[in-house]
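Each chain gets a letter, A, B, C and D, in the order it is written, and its residues are counted from 1.
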Amino acid sequence: MVDLIKRAKELIGTSAVKVVIGYEQGTGNKTRAVFVEKAEDADKLIFDSRCVQNLAAYVTKKEVREKGKMAIAATLPVMRSIIQLASEFQVNDKNLLVLGITPDSKLVEFASLVEVETFVHQYQIEIDERNREMLGKLEKMTREERWKFWIDELAPCFKCYACRAACPMCYCHRCTVDFNQPQWIPVPSHELGNLEWHLMRAIHLTGRCIDCDACYNACPLSIPINLLTKKMLLDAKEHFGGYQPSLKGDHLMSTYKPDDKENFIQ
Amino acid sequence: MTDNLYMPYLMRIERITYEAPGVKTFMLKFVNEADQDKFSYKAGQFGEYSVYGVGESTFCIASSPTRKGYIECTFRQTGKVTNALSDCEEGSIIGFRGPYGNVFPIDEWKGKNLLFIAGGIALPPMRCVIWNALDMRENFKDVTIIYGARTVKDLVYKDELKDWELRKDVKLVTTVDPGGESPDWRGEIGFVPTIVEKIAPSSKDTIAIVCGPPVMIKYTFPVLAKLGFSDNSIYTTLENRMKCGFGKCGRCNVGKVYVCKDGPVFTLAQLKELPDEY
Amino acid sequence: MAEFEPKIVAFVCNWCTYAGADLTGTSRIKYASNVRIVRFPCTGRIDYMLLLKAFDEGADGIIVSGCHPNDCHYTSGNFHARRRWIMFRSLCDFTGIDTERIKFSWVSAAEGAKWADIVNATVSSIRELGPYTEYKKVAKYPEKEVTHG
Amino acid sequence: MNIDKRLVRKDSLEKLFDILKRNSKTIYAPFTKNGKTTFRDTESFSGISTGYIQTSESSKDIAFPRAEKLLEYSKNKEGMTVKGIDINDIPEVILWGVRPCDAAGIGELSSIFNWDYKDEIFNNRLSRVTVFGFSCNKSDEYCFCTSVGGNPGNTAGSDILFTRMGDDGDYLAEVLTEKGLSVVSMATDLFEKSETSGKEKFLAEVQVRFNHEEIKERLSKYFESKEWVEQSMRCLGCGACAYVCPTCACFDIQDEAHGRKGSRVRCWDSCGFSHFTLHTSGHNPRDVQSARWRQRIMHKFSYMPERLSVYGCTGCGRCSRACPVDMNILEHLISIQEVTV
């Protein structure tokens, strides 16, 4: 991606930013994050369809932030994450510059997060066909079958928390699972510990998850935990008319409408 | 049962002493007398104390091995387990595994002067060796204890401090941080390193045992060096996070050293060999 | 075997439902005694994790109840709670947690009779469903019940 | 014990499986789900995966479970009853389809659990495991067993090592221990006497990529290197590498209570987590990711060899395969070897 390399060199050359977060060639056919701090290192930057890791996970990482102003090569999911993070006061125009990569792989630089937001809002968050099918299959099951499905799927989970680490929204310095007074979630990875951890994760991401699949891609055992957040996303859409990350910060789960509809409260 | 390294002894809390805000001392006795007979330890060692259903926590044995039949521990209420311990009453049963770790080489110190320097809640790990030394007092020359805390209230073992003060064979200097004194405070006012510098104990034939919060230790070592203490004559005891207590769980690993196995007692010379990860 | 007596935990707000339950008592309305009430300042404070903890600790059913919409002592706590319940319930349903065992209701301080009805209805429906063995199995809840004494 | 070499026909493996099952043996074998291969309690031979280069998870779970009960307690009016786990309850297990690098990891785990204090819970579990190793005939860019003293046909840790002779060939079975022999005695017909030797030509080729002695030597002077910061910048601090590792043994001890009863559980932990070393006071001896990454490498390639005389790595390459951000341990070790201190 020649444009990106050129722009990264300029930005670093003029000290407009201290670090450019982008992708480089990794092992074999993998790509991975790279932190470009010297203009000559910008040549490492690449971009192609393999670059799916959500780099927004790094903009809240202490060691990266300490470098100074960041620029980030951001695909659509990354931009969505950044807007959500900005609405939660984790990033702002002062510490982050977005080098957007459009769905047709063109570089667009945004002067401010407001422009990023405008760009992001052109696109709806859509759940792909394969996952829609999977969700449909689950919905057709009986409750008991679904329970068995999830207990089985979550059984291999050993709680490495790669899903949490890879998620840009899981930036809490101290996660609920790390609290021990009280001990909300059992620490060991047994059926209960795994179930409660993943339920907790899904709830905490409701209205914040932008469906980038970073959690699923990070899972070393490929457990389909992204189905949980996808379901939350769809149901939120059904009940509250959907959501888009927005700088206004009216987060789905920290707001309400007096006429929210439900049919189960007696 | 002996095969299970993780099986604690059952201990009954015989007496609870309130030491300072949030700080308590438990006197513990073995529920099974047979355990008591098997059990022995030396000054400097530590154990894993547990409240069943809550978890285990690591602290030193604060009583001297010369006092038989019980052990004591002193802890500050800070985390999950120490909070639960703090809720225990006299008569409650808790778990104890140990003793673990190395010891203060008190026999090697015979014939020398002893200088104890402690800050805040770090007097307990030193109390075992202080009493151990005082119970064989004739083996040592001068014994000096410099102890400081943030405020007068935060001084622990207040009764024992009085004892030591009255003893002719112990020189006790207590100090509190500036602003921490009470109207009737007769001790020193100032940070521990400053007071050490002021008292200026002789380094000749003297072993210094230092224990306290990291910042106190950091500023005390240079003072001791200035007074002529060699790195081999300064001892301290480290407190790293631990789970197992016997070199398996990996938490207290600093360089190639396991604090639970190779420590907790180190000389300054040994500390200088370690990476700064404690 | 003795008839199954469901264990039910009720999470209620201080201002409406707790007062309502109080009224049930002072009005001498008799109702099922299977419920252990946990009082909260507001339904907005009733974290979904608490409901899961109740199941962990052997509850067979749960009642969550607070002020009617627009009656919240803190203006909007129950509106916030309602949103969360909607999402939590849909997550429970999706993961196969039995939503029949979690009853939500609005009970005001004046509705002593309604509280009795809710409790009675919940107890009888949970009695029909039987003990929540699915969750207890996962939680490794001791088979022999632990008695406090 | 002398190595006893036998020939096992390719279609005899299934017969062996059935005989073991008839003798009511529990068999853990590789099983693929969601595209990932892990060890599972397996009832049928047809479900066993083959053709994997490496299972996604190591087999250490069998001897060192991710969560295991250490003791149970109950409080009552008279006081307290505490019962340690009964080691006789630990089931006998056959581990089927273990790669040599995993089998070698068992020895390294054992060194950790037996230097100084002997962890009898671990030892008893291990003593009840019979390991069926399967040599590797394929490898990938992550494999580096030969750089840490192993090889694709390494017998260390296996009770019987099977090497397939050719893509569709029969198996050479090396019976290595008494435990292995007792399996053979259950199915003597299937283990034919054999003069076959020279399994090497059927093994995968894994090049030596670095010299571990040299790495150890260099690491002792490498603590302050800036390289750690650079390498770990993209590390997100999850525990995937530690949890898939056949030799990582760090653990946590947790109490789990239900009313007046409960248990104490040992469960896996990882030095990569920021809370691993966090003191209650708030002080954290390793408070940046670079220090934690350094600990991982140093522990495996410097501290363990110095203290326990074994390396904490068998070159299975799992951590690199599992890493969500492509932290490639081999690449980093090579760079440590190349960088001038």
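Quick note on the criterion: a contact is a pair of C-beta atoms (placed from the backbone, for glycine too) under 8 Å apart; a residue touches a chain by one contact, two chains touch by 3 or more.
This structure is a prediction, so every number in the text was calculated from the model and none was measured.
Chains that count as touching both subunit A and subunit D, per the definition above, are B, C.
With centres defined by CA atoms alone, the chain at the far end from subunit C is B. Compared on C-beta pairs in contact, A-C and B-D come out with B-D as the pair having more.
Distance between chain centres (mean CA atoms), subunit A to subunit C: 34 Å.
Centre-to-centre spacing of subunit B and subunit D amounts to 39 Å, using the average Cα coordinate of each chain. For the pair subunit A and subunit B, the distance between mean C-alpha positions equals 47 Å.
Of all residues in subunit D, those touching 2 or more other chains are 252, 254, 256, listed in ascending order.
Shared contact sites, meaning residues of subunit C that touch two or more other chains, fall at 56, 139-140. Multi-chain contact residues, meaning those touching two or more other chains, occur in subunit B at positions 55, 79. Across the interface of their complex, subunit C is touched by residues 138-139, 143-151, 176, 184, 190-192, 195-196, 199-200, 202-203, 206-207, 228, 231-232, 235-236, 239-240, 252-258, 260, 262, 264-266 of subunit A. For subunit D in complex with subunit A, the residues that touch the partner chain are 33-36, 38, 56-57, 66-67, 140-142, 229, 232-234, 236-240, 242-244, 252, 254, 256, 265, 267-268, 270, 273, 275, 288-290, 320, 322, 324-326, 328, 331.
Residues 70-71, 73, 75, 79-80, 82, 84-85, 87, 112-113, 115-121, 124, 223, 249-257, 262, 264, 266, 269, 271, 276-281, 283, 285-286, 291, 295, 298-299, 302-303, 306-307 of subunit D touch subunit B in their complex.
Residues 48-49, 52-53, 56, 69-70, 76, 79-80, 82-91, 93-99, 103-106, 118, 134, 138-140 of subunit C touch subunit A in their complex.
In the complex of the two chains, the subunit A residues touching subunit B come out as 180-181, 183.
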